[in-house]
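Once you scroll down, you'll see the structures, which are given as structure tokens.
Two complexes, one shared chain (chain A), two partners (chain B, chain C).
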Partner chain A sequence: MQTVIQLTLTSLQIGAVYILFSLGLTLIFGVMRIVNFAHGHLFAVSALLVAVMLSWLAGMGIPILPAYLLAVLAGVTASAALGFIIYVFGFKYFQRDMVGSFILSIGLVLLLDGIFLEIFGGGVRAVPEILPGSVEILGASVTQQRLFLCGMAVVITAALYWALTYTKLGKALRAVSIDHEAAMLQGVPYSRLALAGFMIAAVLAALAGALIAPISIVTPVIGADYLIKGFIAVIIGGLGSIPGAILGALFVAVIETVGSFYLDPTSATITIFVLVIVVLQVRPKGLMGHG
Partner chain B sequence: MSGLRTLKMATLGVAMGMMGSIAGAQETIKLGLSVPLSGGGAVWGRGSVFMCERAVKEINEAGGVTVDGQAYNFECVAYDNKYNAADGTKVAQTLLNREGIKFIGGSLGTAPVKAMQSLTERQGVLLFTTAWGFTVKGPKFPLTFTQMNTPFEILPNLIPFIAEQHPDAKTLAMLNPNDASGQDTEEVARKVWQDTGIELLSSDFYERGTTEFQPIAARLAALNPDIIDLGGSPPADAGAVFRELAAIGWDGVKVVEVGTGADGIKATGGDAVEGVYMGAAVSFVGDEVTDHQKEVNEEARAEIGESLNAIHIGFYDSIYALKAAMEAADSIEPKEVAAVMPGVTFRTFYGSEIGFYGEETYGTVQQMRLPVIITQIQDGELVELGRVDPDGK
Partner chain C sequence: MADTLRLPYCAAGIAAAIGASLLVSDPYVASVVNLVSIAALIAVSLRFVMLIGELNFATAAFVGIGAYTTGSVLTIWDWPFGIAMISGGIAAAAVSVVFGYVTLRTKGPYFLLIGFAFTEAVRIIYSKSMGLGGNSGMVGIFPPIAFDPWMPTFVMSIAALLIFVLYVIEKSDFGKIFTAIRDNEDVARTVGLNILFVKVACFAIASFAAGVAGSLHAVVNNVISPGDFSFLLAAFALAYVKVGGEDNIVGPIVGAILLVVLGSYALGLGGHEHIFYGAAIVLAVLLMPEGVTGLLHKGRDFVMARGKRNAD
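Right, the complex of A and B next:
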């Protein structure tokens, strides 16, 4: 029983990051009908800045928690700024153009890889523990840091869901996602909404990066691993579907956890890819269909 | 008219001056490096470039390499192989075909080294490597030399030492990266651990580049082994695994066979890496550490943020070995230099005069005769527990 609880908690903890990551990917696809392979770099720049700023602020004698919050603010701001730049100078001109946006995002990946390596170096950045200690949940041990991450993921996901359901902006984003031409005929300003959707996705990636930094391996390539898992999650759940992204992220996390535990890490990775093939064969538009 | 003649004379003077300067300049021999400069292994790659450049600086300042009466300078040319075969192949082609390099001063990572070696042996380029395994060494590869201790040298000394320190430890779980480096390490480690009588509960592999180690740690902890050996895992990965293991509550004997130092592993592992045994780290604390070693190590810490380790040092020693062999062969032809390499001696960064050995193990003399240093992290610091000088042929 304890094993089941431990595996469930592990799945939820890993799934929390995948959810935050996939929500951004699926939102961009839903509104703009593009796939953004540079999404991992928005995540990475936030994690890297949290690592750099936290060391710098802690070195100035600022207590660890306020220093972390300031570092998160810096990371999210930098990520949002990067998102704005790549939208205004890049994706704005390739909306609803899968091939063009694909080529652009691959180019951006190479460019940003080089820039990050030049600025941050290739080495691992140490991030101190922000919330030390563990708690016992039904006999299974969970670190407070990961528990905080899970809590934040639930809050952010719920806030996004609420915003998309009840706010004017959310309703407009959903309308554009369903039929952008019909939405525009109703007076919805598509260009502004596309920017809003892209920026929300950038902030989601930034928050995920900032939250994962204290418990992961922070390097300029940190986004690559999460990008693959995030894409798998949205493909399984259904590109453009918010519930699909959540379901897909949890699905990937469960397979990864249970597979690694009962088989081995390599078999778990293979299993994830096999299941993607199976899902696409049975439901080509993903479990929840395209959003 | 007079002005034009003056200009012509001045131009001629400058041109003659430049020609004189060119005639007096030493020619440069480029030394290629194929190393990871990004990802989990970046700290190894960056330190390796630093040590290559340090050795080159020392040699050039001392007059360079003298071959057939001509003095040559060295220059390090490094590219990022990202620790994988695909990028290693690109780096190999760039170094050999674009840069025209004839000597590889060092290459890191078995998969990229295999990519490199497939070209170097065919194109007559001399290759120094940190990679291990019979697949990259032996009589089939006369131009390949190994610049650091590999599991074949480290593990027969490290593992019995650990077993002796922990006589109550009866069970073991192993984890390695799922690539050629990890598989080669696992193969040797499995045999040596079994020779000590310790029961192997599991031996798993993970994808290099993994950032989420919690499921892996959950599996390892569930087996409840007395010893967890992370073999050839990079420091950042090893630290992350031990941190997750500590969070779950596992506390046993921790080993990273090719562990290279305290800084990298502490960056992700924090306090959870206390007590980790390593076989490729070097301690710079103690009376026997020379001023030169301390000075270079301090420079390295400022440059790469980590103390030097056996991998980094291999990129210093290989440059001095190349200098010694070029001067002994009185040639800069790679095949002629390789032919004399097994017989040369040079002063290693560790302080002693060393040569090459390995005929008993590999069938050819191509392994640097380096000391095996056993270290452990104690109170957050790297402590040397023992040093073994090899005596094999």
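Right, the complex of A and C next:
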């Protein structure tokens, strides 16, 4: 019983990050029909800045919690700025061009990889603990930081879901992702929405990065692993579908956790891969895909 | 048929390239020539699958399968060199038939991302297989000693031969089905073509070339490791195709020559390889969407049009 609870909690922790990550990927794909491999770098910028700022601010004697909030603010701002730059000078010209945008994003991946290595160095950064201590849930022990991460992920996901369902912007984003021409005929300003969708996705990635920084080792290539898993989650769920992304992310997280526990991480990764292929045989556009 | 192939140009180009490679004696130049030949072959293989309208990121996996097959055949079983080279291509093609048959029902982003995941999964398998050297890879994959002085010529001849074969297939009637599928799959299906079969055939042919490129990579470097075959390999190949231009088969070759030569020069200056390739791709897609060859064509058309106007 204790194992089951422990595994469930771990799945939820990993799943929380995958959800934030794949929500951004699926949002960008839905609105702009592009595949953005540079998404992992928006995540990495934020995680790196949080790690650097936190050590620096803590070194100046600022208490750890305000320091963390300041660092998160800096990380999210930096990611949003980077997202804005790559949208305005790049992806803006490649909307609805899957191959072109993908190639551009691969170029950005290489370029940003190189730049991050130059700026931050290849070393591993440890981030000081924000919320020390752990709690017992039904006999399984969880550190407070991880609990905080899960809670925040749930709050952010719920907020996004609410915004997409009830606000005018959210409705317009969904309309565009179903049929952008029909949406434009209804007076939806497509190009402004594309920017809005891209920036929301960038902020989601930044928040995921800021949340993961304290409970993980931060390196300039931290985005790559999450990117692969995030994309697998989105393929399983169906590109462009929000519930699909959540479902896919949880699915990947459960298999990864259970597989790593009973077998080993390698077999878990390969199992995920085989399952993706099986899902695509039955539903070539993912579980909830329609586009 | 012979007319559309432009055989004299091809023959002259291949002969000139192989002739020039005979003159190479400097080891640094020789290594660059080897790199260029292999890069061009991989880029042409990637572009070959783009003919059916799919971006094949599994290319990197097939290059790896070719390299590891050749490595095992040479170092573990000690079989003859010729068999080792061919077996790399055959192994890659065999795996690609199965992989393609299963995945080519999906299209566009799904196929692309599956190829990407496949590359990473295969790479993990290498690094966990102790028989294949695990994370540190395989060492001591040597060509016969007699080959040593002729390595650049050998590598370039194999690459040129395969590129030529791919070119002939592309221009054949069978190759025209590829573009028909890319332009409109449903129309191609209504005239009774077996789309999945054609796609798998195209994919397998391209993977055979990628596998042989891997075999060449193994015998040129003597050492292979899982890190050599990450998705970045396919990303670099994509850079060659994009910078060179994807409209005809010369594009990827031009791209490979330009970027590999400039890249090794930049490395010599202490530059950063990733930044260099990344900037090349970003600038190429933003400033010249049709690549260098597309730019040259446009330039030629412009000059011709002006000449005509002046004559009038």
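Definition applied: the second predicted complex is superposed on the first by the 289 of 291 C-alpha atoms of A that agree within 3 Å, B and C clash if a C-alpha of one lies under 4 Å from a C-alpha of the other, contacts with A are read in each partner's own complex, and residues count from 1 in each chain.
The rule is simple: a residue touches a chain if its C-beta (ideal position, glycine included) is under 8 Å from a C-beta of that chain, and two chains touch if they have at least 3 such contacts.
Not measured: the values here are computed from a predicted model.
**Student:** With the two complexes overlaid on their shared chain, look at chain A and say whether chain B and chain C clash or fit.
**Tutor:** When both complexes are placed onto chain A, chain B and chain C end up clashing with one another.
**Student:** Using the touch definition from the top, say if A:F261 reaches chain B (first), chain C (second), both or neither.
**Tutor:** Once the two structures are laid over each other on A, A:F261 reaches chain B alone.
**Student:** Look at A:Q6 in the shared chain and tell me whether it touches chain B only, chain C only, both, or neither; answer first, second, both or neither.
**Tutor:** Only chain B; A:Q6 stays clear of chain C.
**Student:** Please indicate which partner A:I85 is in contact with in the superposed arrangement: first for chain B, second for chain C, both, or neither.
**Tutor:** After superposing on A, A:I85 lies clear of both chain B and chain C.
**Student:** Thinking of the overlay built on chain A, is A:S141 touched by chain B (first), by chain C (second), by both, or by neither?
**Tutor:** The first partner, chain B, only.
**Student:** If you stack the two complexes on chain A, which partner ends up touching A:L111: first (chain B), second (chain C), both, or neither?
**Tutor:** Touch partner of A:L111: chain C, not chain B.
**Student:** Who does A:A126 touch here: chain B (first), chain C (second), both, or neither?
**Tutor:** In the superposed model, A:A126 contacts chain B only, not chain C.
**Student:** Taking the superposition as given, does A:T269 touch the first partner, chain B, the second, chain C, both, or neither?
**Tutor:** After superposition on chain A, A:T269 lies in contact with both partners, chain B and chain C.
**Student:** Please state which segment of chain B collides with chain C in the superposed model; the candidates are 8-16, 44-52, 80-88 or 278-286.
**Tutor:** Among 8-16, 44-52, 80-88 or 278-286, only one stretch of chain B overlaps chain C, namely 80-88.
**Student:** Do chain B and chain C land on any of the same chain A residues, and which?
**Tutor:** Residues 113, 117, 266, 269, which sit in both footprints.
**Student:** Which residues of chain A touch chain B in the complex?
**Tutor:** Listed in rising order, the residues are 3, 6-7, 10, 13-14, 17, 113, 117, 121-126, 128-129, 134, 141-143, 146, 216-217, 219-222, 224-226, 256-257, 259-262, 264-266, 268-269.
**Student:** Help me check something: in the complex, which residues belonging to chain B touch chain A?
**Tutor:** Counting only chain B, the residues touching chain A are 36-40, 42-43, 45-46, 80, 178, 202, 204-207, 209-212, 214-216, 218-219, 222, 235-237, 240, 247-249, 264, 266-268, 270, 304-306.
**Student:** Residues of chain C touching chain A in their complex?
**Tutor:** Contacts found on chain C: 55, 102-103, 105-110, 112-114, 116-118, 120-121, 124-125, 128, 232, 235, 238-239, 242, 272-282, 284-286, 289.
**Student:** For chain A, which residues are in contact with chain C within the complex?
**Tutor:** Contact set of chain A toward chain C: 29, 35, 89-90, 93-94, 98-100, 102-104, 106-115, 117-118, 228, 231-232, 235, 239, 266, 269-270, 273, 276-277, 280-281, 284-286.
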